[in-house]
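Same chain, two partners: subunit A is paired with subunit B first, then with subunit C.
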Partner chain A sequence: MNKKNMRVLRELFYLRMHGLMVFRLDFLAPFFVDGSLFVIQLLAFGVVYGHVDAIGSWGRGEMILYIGTFSLLNAINMTIYFFGVNSIPYKVRSGELDLYLSKPVSPLFRLTFENISPGSVPLILMSLCIVAYGVSTLRMPLTLPVVISYGFWVLVMIVLYYELEVVIRSVSLYMVSMARLEQIEEAGLELCMKLPGIAFYGVYKVIFYLILPYGIMATLPVQSMIGEMNLQTAAFGIGVVALFSAVTAVLWTQGLKHYNSASS
Partner chain B sequence: MKTQLVWRADVIFNMVFTITRIIFAYLLWEMVFQQKEMVGEFTFHGMMSYYIISSFLSQLEMSEGIGIEIHERIRNGTFSKYLVIPVGVEKYFMAMELGIVLFYVVFDFIAAMVWVFIFRIQFVFTADNGVIVCAVVMAVLGMVFMVQLNYFLGLLTLKYQGIGTFLMIKNNLMALITGTIIPLALFPEGIVKMMRLLPFYYVTYLPAMLLSGKCGEEAWMGLMAIGCWCLAMQFIIHGTWKKYLRKYDGVGI
Partner chain C sequence: MKDIVIHTENLVKTYRRYKKEEGLYGSIASLWKRNYEEKTAVNRVDLSVREGEFIGLIGPNGAGKTTLIKMLTGIIAPTDGEIEVLGYYPNDLRNEFKKQYAVVMGQKSQLFFELTVNDTLRLFKEIYEISEQEFQRNKQYFMKLFGVEELMDVQVRTLSLGERMKMELIVSLLHNPRILFLDEPTIGLDAVAAKQIRSFLKEINEKKGTTILLTSHYMEDIQVLCQRTVVVNHGVKIYDGSTEELFDRYQKNKRIIVSFGKPMRKLLLETQDARLVEDTSYKKVYEVPKESARRLLAEMMKYEPGDIVVEEEEIGVIVERIYQEGSEYLG
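Now for the complex of A and B:
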């Protein structure tokens, strides 16, 4: 990120904070809404683990770690880029994207960072607490390589999450309505938020590991932490992210060529 | 009904997306039942039957939009539309919900049958006609209660102005307390007893349990409980309407 982009980023942050302070009650809304979602997940799986010792190869600790990791990815997504990326279809439909194309800064860069949500930061802290709770339930020694490996995979999966959001919303540059795609995204996320990737097999694995890879997003960081990740899984994870990076770049750049202002 | 026919793709997607709940239940409980034959009082096929019925009922419950619509209309001042039409506002929303439910009931039923076939579920269904009648009436009263609840929450905008966040949290919570994520029977006994005091126990959970051949002894009590909750909610709505409508100025907040 060059110096100019850093200055733009700082200005976008100030503008966003100014906007948020006007509606102070809405400031912590993402924290309460998404926080309640993951607390409910914890409660639900707590009930299931009251009846069984393990689901597949994962015990209670692994599942808490999974919920915490998904919550962490979601929290970072909400804090940094969700509200910006989510506005792309509206800006395409209304023609507001014109304003972004005429500015001397990358349109996607500005769209990504213009709607950061500081109110979601407590969600990151809450997620870290859930992760810590998972680690303590597992009673595993937390060594530096384990933390680095987990952190690395969380970062990689944040990139994947971002790319998936941009890919889905880039479709609005080609088609008039993409509400169905957003519904598919919502359904995929809802399912994978509740179900770790180890549960998928056959056609489910193809769908949720490759086509809509929400199934690997929290699974791989957890597997890296609990020592279940092998070289093949790691290579697959990196490969999927690389594939989606290419798809995102092509869809977005080609999509901008399709964009014909307010009537698109 | 007429409005629903305009959005045909919505109908298809509404049907198709019921599958995510079934996939979740199928994959989760398939792994769990590999270790033991019974979980609580459920067999694998009993559990899947519960999820199919529960998913069918919760898919029909579409009153969430009522609260959001009232909230938005009060905030932007267009709630006046409902005050000038010659019909009670609550009755208007009840009729709207009825139109939606009657339209979707056939499609959601077809979807449920398709999932039973695709996932090869040995469907467990009660043979007791009395219990079936109780469960159907209870499910209908449950939907009436949910319309009342969402209508009431929407009206709270008259006092609190911004209730959007609260509505979203309520939706998250509903999935747990209506037993659509995990059957309430798996919760500790003390919590289930507490849940019985709340109306949400009777919205989808108990009707789904009754139809899948469980909790038959709770049928009549359940029917009375949800009936009482509907009456109580009607009094609350009446009081809220009388107290806060005068705060509405018709120009938006």
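Now for the complex of A and C:
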């Protein structure tokens, strides 16, 4: 990120904070709403995994680590870019994208970071607590290389998560109706939040490891932490992210060429 | 001779739009067989604009004015033809290009409604990489010019439409653009606010040398501001020349709206060629050849009117007359 983008990012952050603080309820409500949803989700996991001792080769400790990691990815997504990226189809349909295209800053950059949600920050902390609980359940030694490796894979998977969201929403640049494509995303996320990638075989593995790679998002960071990651898996993970980076770039830039704006 | 900053040749933009027969049968049939028709929004338009010009782009609804502006700013890509603005192909969307122009769309706001204008300006300062010194200098200049010093820290949503348009212009002009594209900037404004906006635009064009391309429905905007006018209809350019000539040649009548404070019966007028087009007790609307307008106005004063408004003919009438009387662009 260059200096200009850093300065724009800082201003977008300030504007968002000013905007949220205009109405106190707008600022405070997400802390309660997001927190409540998070607790409900945890209770659901508790019910499911309270009666299951193992999934594949993973026991309860690994699963807690997995749930914590998925929640962490989700919380970072919600905090930083979800609300911005999610507004893309609306901005395309309404013609508001015009105002982004005519400014000398990447429209995608501005869209991505203009709706950060501080209300989701507590979710990041809660997710980290679950990860810590998973580590203590596993009684594994937490060395610096392990932490760095885990942090690295979390960062890589945040990029993948972002790219998947942008890819799906870029469809709105090509066609008026997105035919509920976002629901595929929701269903994939919901499934992969409950089941780690190691549980998938055959065609499901192709779908959730390559086509809609939600299956690897929390699995690879966990594998890196518990020492299950080999060179082949790491190369595959990096390859998928690189592939989706290219797909995202092409779909977005070509999509802008297709953009016809809304008649005013 | 000043540089050409906008150049288009045979510029075309076509849209594909979906057509369906009415009723449920039409909807079901459309699942298998889609019918599309091509709509040419801009049709082989040639346009050359020199630096510092103030050009009016007029035409009825759906004439292609906004589409043309969107192509010139790179928001949409042309279907065919050549286009160059400030030496760039606009739809490449290069930041170096975008830093040199500004666009104000009367119906789309770039301000954050919940925030103040000062908040928004800070973001634009960073987006356009304006130094603090230049930012302060320009901000002060425009605040004084538009007389909005008191409104800079007020929530945008509480501003009137006229005040908001002034703020839109400040935000757009902060980086000293070489070209300013204005798409219906006076739409919905009352007469006083529209007049103020016109006078600011005139000053910016004259003092800063900013090239301005203005689209408007209102003939007054064009007559007051633009030395040159381009008229488009159905995407085709039908007139490109001096505004004075356009009005001399194709603007035949004036519309005079007279309001009274007390009920009035039919007025007996000496101006024979004045045509009464609307007649109520408190309001009379006349259409009169522009040569006779002065005489009719003088005559009206005898009846002690509450208010008199003189309007130009609507753009649709002008377009019709250009077709009737011909122009070099109609062949």
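Following the convention adopted for this analysis, the second predicted complex is superposed on the first by the 232 of 264 C-alpha atoms of A that agree within 3 Å, B and C clash if a C-alpha of one lies under 4 Å from a C-alpha of the other, contacts with A are read in each partner's own complex, and residues count from 1 in each chain.
Criterion: contacts are C-beta pairs under 8 Å (C-beta built on N, C-alpha and C of every residue); 3 or more make two chains touch, one makes a residue touch a chain.
Nothing here was measured: the structure is a model prediction, and the numbers come from that model.
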Per the contact definition in the header, classify A:R139: touching subunit B only (first), subunit C only (second), both, or neither.
neither
Which holds for A:L191: it touches subunit B only (first), subunit C only (second), both, or neither?
first
Should A:R180 be classified as contacting the first partner (subunit B), the second (subunit C), both, or neither?
first
Who does A:L12 touch here: subunit B (first), subunit C (second), both, or neither?
second
Considering only the touch criterion stated at the top, classify A:E96 as touching first (subunit B), second (subunit C), both, or neither.
second
Touched partner set for A:I40, first subunit B, second subunit C, both or neither:
first
Just subunit B (first), just subunit C (second), both, or neither: which does A:N260 touch?
second
Of all the subunit A residues, which ones make contact with subunit B and with subunit C?
23
In the complex of these two chains, what residues of subunit C are touching subunit A?
15, 66, 70, 73-77, 91, 93, 95-96, 98-99, 101-103, 105, 107-108, 110, 112, 114-115, 119-120, 122-123, 125-129, 155, 183
Quick one: which bits of subunit B touch subunit A in the complex? Just the residue numbers, please.
9, 13, 17, 20, 23-24, 27-28, 31-32, 35-36, 39-40, 162, 164-165, 168-169, 172-173, 175-176, 181-182, 186-188
Partner subunit C, residues of subunit A touching it in the complex
4, 7-8, 10-12, 14-15, 18-19, 22-23, 95-96, 98-99, 101-105, 256-257, 259-261, 263-264
Seen from subunit A, its contact residues with subunit B in the complex are 23, 25-26, 29, 32-33, 36-37, 40, 43-44, 47-48, 50-56, 180, 183, 187-188, 190-191, 194-195, 199-200, 204
